[in-house]
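Can you keep this structure in mind? I'll have questions shortly.
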Amino acid sequence: MPAETAAKMESGEALDRTELRALKQDLWELYEDYAQACDRQDFQAWTTFFTQDCEYKAISRENFDEALPHATLYCDGLGMVKDRAMALRETAVYEPRHLRHFLSGLRVTSVAGDSIESEANFLVVESMSGRESRIVFVGTYVDRVVRTPQGLKFQSRQAVFDNYRVLVSLVVPI
Amino acid sequence: MPAETAAKMESGEALDRTELRALKQDLWELYEDYAQACDRQDFQAWTTFFTQDCEYKAISRENFDEALPHATLYCDGLGMVKDRAMALRETAVYEPRHLRHFLSGLRVTSVAGDSIESEANFLVVESMSGRESRIVFVGTYVDRVVRTPQGLKFQSRQAVFDNYRVLVSLVVPI
Amino acid sequence: MPAETAAKMESGEALDRTELRALKQDLWELYEDYAQACDRQDFQAWTTFFTQDCEYKAISRENFDEALPHATLYCDGLGMVKDRAMALRETAVYEPRHLRHFLSGLRVTSVAGDSIESEANFLVVESMSGRESRIVFVGTYVDRVVRTPQGLKFQSRQAVFDNYRVLVSLVVPI
Amino acid sequence: MASIPLQQTESREAGEAAERRWPEEGHTRIPYWVYTDESIFKKEMQRFFHGPTWNYVALDCEVPNPGDFKRSWIGNSQVVVVRDKDGSINVVENRCAHKGALVCWKNKGNAKDFTCPYHQWNYDLKGNLQGVPLKRGALGQGGMPKDFDQKKWGLRKLQVTNRGGSIWASFDPEVPDFETYCGPEMLSYVDRLFPGKGLRLLGYSRQIIPCNWKMYFENLKDPYHATLLHAFFITFGLWRADSKSESIPCSDGRHGIMVSRNEGKKTTEATKDMSRFKGEFDLEDKDTVTPFPEFPDRKVVGLTLFPSVVLQQQANTLGMRHIIPLSAKEVEVSWTFFGYEDDTPELARLRLRHSNLMGPAGFVSIDDSEVLTQCQFGANGAEDSMAVIEMGGKDTEPQDHMVTEVLIRSFYRFYKEAMGF
Amino acid sequence: MASIPLQQTESREAGEAAERRWPEEGHTRIPYWVYTDESIFKKEMQRFFHGPTWNYVALDCEVPNPGDFKRSWIGNSQVVVVRDKDGSINVVENRCAHKGALVCWKNKGNAKDFTCPYHQWNYDLKGNLQGVPLKRGALGQGGMPKDFDQKKWGLRKLQVTNRGGSIWASFDPEVPDFETYCGPEMLSYVDRLFPGKGLRLLGYSRQIIPCNWKMYFENLKDPYHATLLHAFFITFGLWRADSKSESIPCSDGRHGIMVSRNEGKKTTEATKDMSRFKGEFDLEDKDTVTPFPEFPDRKVVGLTLFPSVVLQQQANTLGMRHIIPLSAKEVEVSWTFFGYEDDTPELARLRLRHSNLMGPAGFVSIDDSEVLTQCQFGANGAEDSMAVIEMGGKDTEPQDHMVTEVLIRSFYRFYKEAMGF
Amino acid sequence: MASIPLQQTESREAGEAAERRWPEEGHTRIPYWVYTDESIFKKEMQRFFHGPTWNYVALDCEVPNPGDFKRSWIGNSQVVVVRDKDGSINVVENRCAHKGALVCWKNKGNAKDFTCPYHQWNYDLKGNLQGVPLKRGALGQGGMPKDFDQKKWGLRKLQVTNRGGSIWASFDPEVPDFETYCGPEMLSYVDRLFPGKGLRLLGYSRQIIPCNWKMYFENLKDPYHATLLHAFFITFGLWRADSKSESIPCSDGRHGIMVSRNEGKKTTEATKDMSRFKGEFDLEDKDTVTPFPEFPDRKVVGLTLFPSVVLQQQANTLGMRHIIPLSAKEVEVSWTFFGYEDDTPELARLRLRHSNLMGPAGFVSIDDSEVLTQCQFGANGAEDSMAVIEMGGKDTEPQDHMVTEVLIRSFYRFYKEAMGF
């Protein structure tokens, strides 16, 4: 385990290298499955990645760094996550689009019992009719993942985007 | 293995988690080696990733979703793959360019004997003289891979690009 | 191990597939940790990835392919690496920016004792106030990594960027 | 309502703009070239944003302490809003008097003074030039000429008003006072949101919409669309045609007041015209659409305060939507969400939740951002065509309902005259 | 060939365009400013694409059932092609009569009617405005004025022709009929491709080429380049100077017919001039260059039907190359590949294979896309310079070979006059 | 210093440019519209880069062998620099005489001749058209008309000067000779860097700076900023106000010579004005700031040779900074780093190390690229405002120190007149 990462690990019961790698592999699958649900715009599937007491934010780095509570998209509890999914399906009006996630740089920053803090970079590319494909979001996930009987889930997921401003609208969760 | 993926797996003889991970590692190497051959513009090497009875398509999502048979680049059999490679070397006229592939989100959607169906996201960035580097392709590979004595090969590779239109030309296969 | 890669491996004592994969995993962590240090703009941390006798270059593909010695950013020895880090902190004047690295396609091209040659693709996306996020660098790392008591370090890292030109300035090392 | 003349502030006018002719029907029509012509855009920047108008630039809670600064925009000009040592607020243009470099390179921070990086000319927090390095040369050589008058070369200083914690600025020294500029009715609504109690900054959301800035402004002068387009609004009764409403043009039409009331989920006579009403759709978490009744008048309000901002109060979310035009075909909308220092924790929580209605990912604002994009697509290349805005009649008088485009008509009556069309 | 006047449809002309002077040599020269000047582009959009021309918009097999629609383009205006309940085809402009939003947001689909999302004005499949929600207000208030005449506010309706399954539209109600517009010779070639039997849609390829739309059009009026540039063509005899060919300008030069014959791999006298001939190069899979002889005349044909399309038949690939100009320096080429309902499976298979010759990845089309990019690079900033097009002489008469630029000369003779240069 | 008239080379002038009026203070002011107006940019390209000027295009060591070529730029026109069979160097415009395609598609290479890919017109290394395929037709048909005079249709040939291995070109056949154009003082400094001994190419760095090209040019006429902005320079004594320096305008101000001396790390009287001096900061590897004394005069030099290049010699890094304007608001700076064939290995090593001071990642150049970006931000939309350049007085005479903007004043005195403002 790189010294860098180890230094940031606050775990009481430090993982050895093999355990950490196994954990990262599990997390990586979680991250990729989540990205895939977003890319498919399967909003129902998206809700299944969260715990009941979850928090989900798509938040600008500006707000995150200043510790401002407002997030561009903010869900406080699984109910709000489910309401967002339903609203996207039932009430929101938007032009069709394709989105693709690219992830890199997964890192575990803390392990405490069943609670894991981890981060990774994301890049989201959008394609729409009549326009060139373009980067719509780039940034870092700042997450707290917990082990549950149903596998790993996000208790807190913050998609901290570096973009100064959102291009038109943030429809599909990041 | 996440429930999501498992649900889509049609295999008669389901793989356990360890087997699936091993398979994904093999596939990942195949995908990366393929991308690398494209990036190097080593067209001869590119032909070696396909089976004799292969199909290769670079196809727009528009055609793919509408199940239209036309593909922007279409090879039906290894002969056509080899002819494409030769034509790119010998007859095509095009301005020099550099391309780089970025892959993310490999997933196995089906395993049946030696035949594996898998997908992954691709992003291709182009650099040319006098211009800024830009995204030229983004989308999803939809593949059927088979085990052969020479290792894993593509029996069918569809590079389904989300881009509404090709930027100038598609010279180097995706 | 794919035939392709094997052919390029010049090692006297060839690694078997398992050893190679283990090596790639170690390298991948090194690459990701390095990228993370750059993204955090932690210049001090950046210096720790290099050996005493290191060479670091951010060099255009144009110069690299023509074997021209000039690099846009050039450090010859750890002293110069440290001086660069200090100058970025203490003397350079630049507008604040966020950068994110995305890596793909790690490959080992040679193993000779404790010295490993490896490559990978990089994509760097920049975000600045009042502007859209954009690709600032894309290309390939060409590296020589050595095993040291402190873990893997770069004896030589060349960030060979395909971009025809740098967008404004190269402040944060690639 | 006072009639405030909007003087012509620029002498030369771009050629194309000068030749345009408005449709003869007048303010019930909008020719699409007002949304596409860059020479008109240039003229708007000069005449409106650099003219005798008050432009929203910040909330004072964003710069609480002496030396705290924030960069902001007036049209396409960048300014710095900074709290002075005496606690007052200054607004200066962010351009060095020497050779034009931006002096301040960060969006927010704290400074004792501002030093331009290029040649280190130094300005105090009022924008006065207080230091020119090597002004007397080095080793007895060079330096500024004797007649160089440092007092003449400060940063451009703007007029500033602080109204209950909302900060407004003007490039024009002749601008009428803020009270006159708003007029009594608009002012009362501004004061309703900024009654003088402490503000609490909740955060920002910024977005770029590929449409003309006036389309965005119009969107908030258009209660008619809200009751039809926004399924979320209609379904949960947050904004409906069958609620008691008002549409009040102010100051010759430049400003507009849009008022309604949250009447909850319901089905009435008028529902049949709202085809996007989704009676069957319900929420898991009702808090999102259940406002705490913080204003005694129980109103829901959208104010368009010309030319730079929309003040929004919907459920418990309060927001300043700063309009930053980028070009004829692109506008940045910069949302500042805020509450009050005396908010209870529960109200603070509701503000955050309700801000999900608004902004780039807002349950209702998504619809607007998307539809405005499509309006600009329609306007592009349609210079021979025009919009018709006759809902609620053809006149420009205040109306006590929302099935009307009177606010838009009033605005274009004003616009047409102010632009000399 | 009938001489069809191309009227001036716009009243005001952009300043720069009006001042340009054509080189005195006339139609044997092309000044590079025709490829770079945005004011000329604007004039072309008005005069050609919005003028008395027939523009390709779709194939009827793309919208087989009532309610099926497809979005398409005429110049830089978006239209919707929709099959009406009675099976006929309507083409309407995709812009709401109210405030200009695009009414249809999807490229393809099926609809009973079109509802604009913004205020839900509803149009039938002919483009008639059939519903305005809250037209009579709500709770007795608001609504449209009494004199609002719904009949006047439909979507803009275009003239439509369906010729053997190819759909053409015109913004100009005064456009001559399609037969007259094409002229008998072009018409016979259109009918050759669209003889009235059922069409089968194979798919689309779209590309953007950073060049003026006329460069693309010229490229298909230029048989001379094909026999030199396209190594793949020459080597496999798909298009060669030493094959029996024709080059026929039509309708004052606006259209062009380019004909040749596939004579297979061979070496003749003329081969020596074709330095890109690669005698040694052969294919593993010969099917790619082995057409099934489906047309009795054994011709290979490229038609430029002004201003919007190239009709291509090469080997067994049939394609409509829709020309969608984006700006003076960018064109989208949208390829629709098709076959016939009665194609045998083997012929269907060959069509797909042969489409590898064409499109953004086409064995020969790559060359064109790349070379046109370089032509635009050359034209940019070269307003004082011009092209010379004297191959095959200086006149504009039809020629029975391909070593000629007569189609391009004819086109620019027409263009010069039509644009008033 | 000879006064070389800069003739008006274009007949029509863009409308906007013609109407601009310079501030009455004259050359001590720069109105910001010189940095933002595209019609002025167009005029500059014609009048300066296509006019009677000598433009840097290459070093002869980049094309050592017959047939070696390199693409380069003069303003926004691309040229090919090629070594002919006899060892001399030709410069031709990269645009086919036929239909304008770029003839050469690679940045560097070796060629016996140039064949345009489109129709394979073939040019010799001087740019003469030597082959037109199918000129006499095929099978007795087609071909070029009898009066087609091949001699008239070559590539555009430029005037060329090779001065000690630096290659210069001009579009204008009437350009004065290079010596006259430079004037004796500038010429002596050019010769100091190019004394006739063999050059060694070290490599390129290219960058795009979102600023007007003149801002970049000015930056190198501005010794005053360097002693204040560049903490790295000041701290290590590479460029400081308290070193013996000169600021010499040449040829009516178009060119400029900036001279100083490396006096190492020190603290003097003047240090107090240099607030960015970092006495406590030291390097691990001192080589970076320790030049080998290769020039007997021990000078450090920056030359602005109008309009296309900055020649830089700082420590042991030698560089040609080629200025390639892309638009009014963007410039490419293309750096060619070089040494001499007789460099010792140690000197060669130092050149590479010292090039870390310069270029897109240069310890000092980063500051410039960043600050110029901010200057353009300041200029945008500030057409009613202007820069003041009075450091070192108001006149335009040479000065023997660096606390002055005399080179910029001289340049704008020249510019104002040359542009007819």
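Every chain is named by a letter (A, B, C, D, E and F) in the order it is written, and numbering of its residues begins at 1.
The criterion applied here is as follows: a residue touches a chain if its C-beta (ideal position, glycine included) is under 8 Å from a C-beta of that chain, and two chains touch if they have at least 3 such contacts.
If you're wondering where the values come from, they're calculated on a predicted model, not measured in any experiment.
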Separation of subunit F from subunit A in steps, with touching chains one step apart
2
Looking only at C-beta pairs that count as contacts, which pair of chains has more of them, A-E or A-D?
A-D
Where the centres are mean C-alpha positions, what is the separation of subunit C from subunit E, in Å?
48
Rounded to the nearest Å, the gap separating the Cα centres of subunit A and subunit C is 27
Quick one: report the Å distance separating subunit C from subunit F, using the average Cα coordinate of each chain.
32
Just the number, please: Cα centre separation of subunit E and subunit F in whole Å.
44
Two or more other chains are touched by the subunit E residues 15, 105, 107, 117, 208, 229, 276, 367, 370-371, 374
In subunit C, residues with contacts to at least two other chains
93, 95, 102, 104, 123, 129, 132, 134-135, 164-165, 167
Could you please write down every pair of chains that are in touch?
A-B, A-C, A-D, A-E, B-C, B-E, B-F, C-D, C-F, D-E, D-F, E-F
Residues of subunit C touching subunit D in their complex?
93, 95-96, 129, 132
Can you name the residues of subunit F that touch subunit B in the complex?
105-107, 117, 208
Subunit E contact footprint on subunit D (complex, rising order):
15, 19, 30, 32, 224-225, 227-229, 241-242, 269-270, 273-276, 367, 370-371, 374-375, 377-382, 384-385, 387-394, 399-404
Which residues of subunit A touch subunit C once you look at their complex with the stated criterion?
1-5, 21, 61, 102, 104-107, 121, 123, 134-135, 137-140, 162-165, 167
Mind pulling up the subunit A residues that touch subunit B in the complex?
25, 29-30, 32-33, 35-37, 39, 45, 48, 98, 100-104, 123, 125, 127-135, 150-151
